[in-house]
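Worksheet: one structure, shown below.
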Amino acid sequence: MKKKIFIGIFIVFSCFSLFSYENEISDSVVEGSVVLADKTEEINIMWLFLCTVLVFFMQAGFSMLELGLSRSKNAGNIIMKNLMDFCIGSLVFFFIGYGIMFGTSVFGLFGKSKFFLMGSDPSEMSFWMFQVVFAATASTIVSGGVAERTKFVGYLIYSVVITGFIYPVIGHWIWGGGWLSRLGFYDFAGSGVVHLVGGLAALAGAVMIGPRKGKYTRVGDKIVVKAILGHNLPLASLGVFILWFGWFGFNCGSTLDFASSSISRVMLTTTLAGAAGAIIAMVITWVVSKKPDPSMSLNGALAGLVAITAGADVISPVMAIVVGLIGGALVVGSVELIDKVLHIDDPVGAVSVHGVNGLWGVVAVGLFSSDPDKLGLFYGGGFATLGIQLLGVVVILGWTLSTAFLLFFILKKASCLRVTEKEEMLGLDISEHGCESYSGFQIFTNM
Amino acid sequence: MKMITAYIQPYKLNDVKKELFKAQVFKMSITNVLGCGQQGGYTEIYRGVDFEVNLLKKVRIDIAVNENFLDTAIEAILKGARTGEIGDGKIFVTNIEECIRIRSNDRGSEAIG
Amino acid sequence: MKKKIFIGIFIVFSCFSLFSYENEISDSVVEGSVVLADKTEEINIMWLFLCTVLVFFMQAGFSMLELGLSRSKNAGNIIMKNLMDFCIGSLVFFFIGYGIMFGTSVFGLFGKSKFFLMGSDPSEMSFWMFQVVFAATASTIVSGGVAERTKFVGYLIYSVVITGFIYPVIGHWIWGGGWLSRLGFYDFAGSGVVHLVGGLAALAGAVMIGPRKGKYTRVGDKIVVKAILGHNLPLASLGVFILWFGWFGFNCGSTLDFASSSISRVMLTTTLAGAAGAIIAMVITWVVSKKPDPSMSLNGALAGLVAITAGADVISPVMAIVVGLIGGALVVGSVELIDKVLHIDDPVGAVSVHGVNGLWGVVAVGLFSSDPDKLGLFYGGGFATLGIQLLGVVVILGWTLSTAFLLFFILKKASCLRVTEKEEMLGLDISEHGCESYSGFQIFTNM
Amino acid sequence: MKKKIFIGIFIVFSCFSLFSYENEISDSVVEGSVVLADKTEEINIMWLFLCTVLVFFMQAGFSMLELGLSRSKNAGNIIMKNLMDFCIGSLVFFFIGYGIMFGTSVFGLFGKSKFFLMGSDPSEMSFWMFQVVFAATASTIVSGGVAERTKFVGYLIYSVVITGFIYPVIGHWIWGGGWLSRLGFYDFAGSGVVHLVGGLAALAGAVMIGPRKGKYTRVGDKIVVKAILGHNLPLASLGVFILWFGWFGFNCGSTLDFASSSISRVMLTTTLAGAAGAIIAMVITWVVSKKPDPSMSLNGALAGLVAITAGADVISPVMAIVVGLIGGALVVGSVELIDKVLHIDDPVGAVSVHGVNGLWGVVAVGLFSSDPDKLGLFYGGGFATLGIQLLGVVVILGWTLSTAFLLFFILKKASCLRVTEKEEMLGLDISEHGCESYSGFQIFTNM
Amino acid sequence: MKMITAYIQPYKLNDVKKELFKAQVFKMSITNVLGCGQQGGYTEIYRGVDFEVNLLKKVRIDIAVNENFLDTAIEAILKGARTGEIGDGKIFVTNIEECIRIRSNDRGSEAIG
Amino acid sequence: MKMITAYIQPYKLNDVKKELFKAQVFKMSITNVLGCGQQGGYTEIYRGVDFEVNLLKKVRIDIAVNENFLDTAIEAILKGARTGEIGDGKIFVTNIEECIRIRSNDRGSEAIG
């Protein structure tokens, strides 16, 4: 019996040990995976860091593009606008913008916490960084549309308002857990939130400020449209390359997760859409005006990139080419429409590139999405996805146009919007900043 | 044959050209120059240090005309370039002794136009 | 007996539970390591993402370099070529190039699957992205060699053929599992596959198109060589910095594996070789022409970078300096040779930088490799490695020169290759693209 | 009994198997965590790779900034200086600099091993890469301060000495385990080690070389200060954007560890300080000279970035704004002081941006650090941290000024320092390098 | 002493210089100008909008010569610059009343060369 | 009325302007030109190939003056521009037949200053 008892105890003990061991094992496994989880967060911060710096660099891209497509006498002003909308924008976004966009939601309308990034952990801080460069992108898009005639102080005020209010509110609705996102509206990396908002604000600005002197002249009862050439195509092209480079961060980073299986796909669709946009813009200008136009081809590339941004992770590579092709065609058409028919003076094509194609990008999700959760029209999803995407477009249009027009209207009333004719002729560099951008160079300025 | 040399404000070039075309003067040569005149220039500040810009951007137009076109051309320039403000510029007239069209070797007043 | 049976059952049970538990454990461990493996793949995609965007940015570098070293009247054309060879190239590589290069091999000669990236998983997509920027690099190298006189349409056709056929086939042989790689030919990051191919195609192009008007003039029975100065050295230097920046992605990314122990070494050898190349080019021009020449020093840096590319992971840091020094010397010598003796007009030195040094880089592996599997001549490997490297050179020369000459010959016959003398004098910007690149700037163009 | 024995054996066996299994399990777990640890190192190399390439790219930023803020006739010389200080610097740092800085310490004064990176593993190599781009940064800062009048050969000698001796020694004291670091001196990413050293060397250089001809002219007994305008503001602004882009690598990479919890915070403080610096510089110039000055605002951004660099990980975001604001104000004030009062000619403001703000950054740690280990004055740390920081400043001042003045003094005696008046008037491009940087452009050079 | 002022096609400058050197004329001053003449310009399209380029790049050469060199110099210019196509340019001759070499204060016809 | 056209070394422009101001001559127009003269140019090497720079950067100053100012202005230019080295430049004087101030339509010698 003793033996039996012994055996019994032994067995029980061994089972216990087995049991306790099981705990130990699973503990250590848990520990193992805890270690893993830890690294995951750090790696993710690294991922966001990488994408953030790429998107940050887009500021340089926008700056070079706008510089290149406008006249030399305003180059210093363009530099200041592009530098300052980031600098001011990032402080404003730190103080209030981020809180409105990502704070605890009040009825899905706006956020009400996280101002000054109070109580943020590293992950949140890296998320803020990623968001602030997006906000700055939305803001800087406008710069090109109102270039060469806007009072500097007016531009600064504008940039406070867009990064502190206009952008964060719509951003909250779509990305911050607000009502639109709850309805299922999908905007992966910001064709709508960033580009359409920026493009519409540029439209409002361009309309309220009016065209540059000499752009449209009435001859008899016909309005003659004059081309005002950009002064530095090499810089403009550099800008586009920088933007494309940054766009990889913009789109791929929007997964917010280095472990997302979409990253490769997003790179691929982004590349193909941009390429297709540039090619088609070149082809159209080639056919229409007999010569392939560099500045329009550059815009075409950007158009393709903007267009794929909303659906970069849910549109197939081949369809991304289609989206890009349409985007490139849209930019050529709408630049002509806006300039020759509507007589709105948009020096760099910001409205066409970001506005028109931002809109197209949002709609394209509704047409081409192959994601089972939100199938597009052409993938058998009927009008469900498309409908909500269109609703989103309407909402963005309504919100942005109303607030932006109001803003620019007030600025106009306050005489903060436009420089005098004389200052415009002299160039904003001298009149607004007392500087010369190309000291020594002999530059012929007869406009 | 006379050479009209006008120094005008750069932003007036288009207007001047328009007036000249109206007056049937189609040929001219344009140079960009820096002018020092009554306008006096202005002072700007670069990195905290004043710099005086007393050479202002001007455009120089050279037009060779036959005598009978001289006054019309001058009138056209005056019309196109005048704003009434300091800095409008000057017109100088000098004599041309010979004019040759390189392409055809035409000489004299028929070569001018 | 009941007890015994009970005990027996208990033991059996406990053993079973032990067993099943073992399975569970090992499962969870396997699971754990599956999770681990998963992350590895994701991290690797991130690594490729990083290197891909760096290499992508090299497009801007090539563009700025070519712009800077050519005349202002052709700047817009250069922009278009550099934009379009990437855009068209990436579509072509998507459609067919990648399939030929990395599809299932047919007798080690070319691939026959993966067209349109059919059935690719995320890893393959990110691999495609990394490959497409390489293909675009090979393609864009030619642009500089044929600059300032090539018809735009001819250049576009060329870029379709190189990214769709010439490059993928040789790429298949060396990197796609084809016959050359099976023989042991080694080209780590593409001195041969990318640079030598690009440089040779540039040579074929430059020869077939002929020199720019005014470059070589016959005076008596002597040919006088005239220098045609580049118009924007600052942009050229920016281009070189961008290229070097991207080169880190080019070389380090070629490990294809973030966990490769070679990455640090590759960074180091890349840096040292580039530095050595620049220094020696400066020294030589200083000694020979009494003044250190900036544009040649810039080329020297690139020469060093090209030269180390094939063996960046198998050559020691000190030997990397030697390889760079020889590369820098080669570029100075071969620029003079090609220009003054052979009278081939290569505006940016593409043949010397990429061709001559691509060749040198491939050979350098055979001389300096300290990798036990393929010891170089100077490391006791005898002629084994060197022989196969030389064979590779011959193969690349044969393939690329024959296909590229044929291509440019056909283009010439089809009158798609060269603009008219008048167009060339006027500048391609106006004649081919109807644009001005530096509107307003007073530029003196007497050539 | 047989059964009992059998059972006993069975139990023992099962226990053994359990035991052995335990070992197996824990082995595989250990293995698992070994795999994990491995990956950590690889990921860290990837992290350093990323930050290294960003910092490398700052070379382009410095180059563009200096180019933009000086005259066109010296552009080629500036390109050469910026290219060569990296190329020569990296070889020198490979040969001796790194060894002095990070080799085995001799009394905490200098290192004495690791020359030629002897016996380095991948981690060390990646660390070297990260360090060499820092060394190159310190070196290149001087280029701007002595621009437009320095003999090229003198500059090359200077750059050998700073990367081979001046920088590594002070670097050893602070970052290489030398005596200052042992006292607790803190300089996170190099406000002191890199920027203050560079700025002070620039000061020594500018003083010893003397002002550019025409900068200060004696009229009666008054010295009239003339502004010498930079020739390319767009390139200068591009330079600043590139620098800022690289600065993220500079500061965040200084954690040296991707898993550091500081990375996000460092990004945040870096961004806010830079933004604040730019804004305040703009505001001050706006108030003082009635117009917001672009070149000064660009300097302001850099000033903010330099100022936060020493304490980016220990200063709170809100205090980072304060540090940036003071930095921006300091740069405006000190540029005027140095130019108008001290009559030291520093074409790009290198002394103010890097010297003055480097100093300020080091001191700011003593004031604003909220790190429990080194609380700043305003965080209740009393004078402990501040004191040691001030000591560090004194040491850096003493070391750098004495060695740099000596160096430039010797160069002057050896007639290697300054070009002749005629060469200066002609421009260094033609006189030193026999090149034209903007061939064809009509440039008006009357100074 | 006469001043020859020629407006030529930019790409003909080298040829003209070569001819002038052959004719022993070594001194000249060159300016780049924009010319408006019979050539008429061309229309290009920038971002979908026509823009008329009616100011074409030309090069202006000023050569001061003594009377006895006048014809040789003009011949040389004609030889170097003529293509026979519209846009070849013009030559104008004016009188110079005084010429001074700054370096030596030489005056008159000996200062010219 | 006379037109003084001086070609000088670019870096002498400030000195010349200073001397002219001292001599009460405040109006002038400045163009940058490329000059070919006794100075001869220099040879540089670009990418291993010689290139001859025989067009040197010069500055052209045009000053219209009344006869009584002619000598003073010339003296001032000589004083400001002379270094005694080859390349100092030349001064040419031509006759002006008419001068008009665009702003006010003043004509003749009162319009000049």
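First chain written, first letter: the chains are A, B, C, D, E and F, and each begins at residue 1.
In this section, a residue touches a chain if its C-beta (ideal position, glycine included) is under 8 Å from a C-beta of that chain, and two chains touch if they have at least 3 such contacts.
None of the values given here were measured: they were computed from a predicted structure.
Put simply, subunit B has to spin 120° for its C-alpha atoms to lie on subunit F, with the angle rounded to a multiple of 5. Our note on geometry: subunit B versus subunit C, Cα centroid distance of 54 Å, whole angstroms. A separation of 48 Å divides the Cα centre of subunit C from that of subunit E. Each of residues 31-32, 34, 44-46, 94-95 in subunit E touches at least two other chains.
Multi-chain contact residues, meaning those touching two or more other chains, occur in subunit C at positions 7, 11, 14, 18, 25, 29, 32, 36, 39, 43, 46, 50, 229, 232, 238, 289, 291, 293, 295, 434-435, 438, 441-445. The full set of touching chain pairs reads A-B, A-C, A-D, A-E, B-D, B-E, B-F, C-D, C-E, C-F, D-F, E-F. On subunit A, the positions that touch subunit C within their shared complex are 4, 7-8, 11, 14-15, 18, 22, 25-26, 29, 32-33, 36, 39-40, 43, 46-47, 50, 54, 71-72, 229-234, 237-238, 240-242, 244-245, 248-249, 252, 258-265, 267-268, 271-272, 274-276, 278-279, 282, 289-295, 297-298, 301, 317-318, 321, 438, 441-445. Chain contact summary for the complex, subunit D toward subunit C: residues 3, 7, 10-11, 14, 17-18, 21, 25, 28-29, 32, 35-36, 38-39, 42-43, 45-46, 49-50, 52-53, 56-57, 59-60, 63-64, 67, 75-76, 79-80, 82-84, 86-88, 90-91, 94, 116-117, 122-126, 128-129, 132, 152, 232, 235, 238, 432-442.
By the touch criterion stated above, subunit E contacts subunit A in their complex at residues 34, 44-51. Residue ranges on subunit B touching subunit F, taken from their complex, read 2, 6-8, 31-38, 55, 58, 60, 74, 77-78, 81-95. Touching subunit F in their complex are the following residues of subunit C: 225-227, 229, 285, 288-289, 291, 293, 295-296, 299, 332, 335-336, 339-340, 349, 444.
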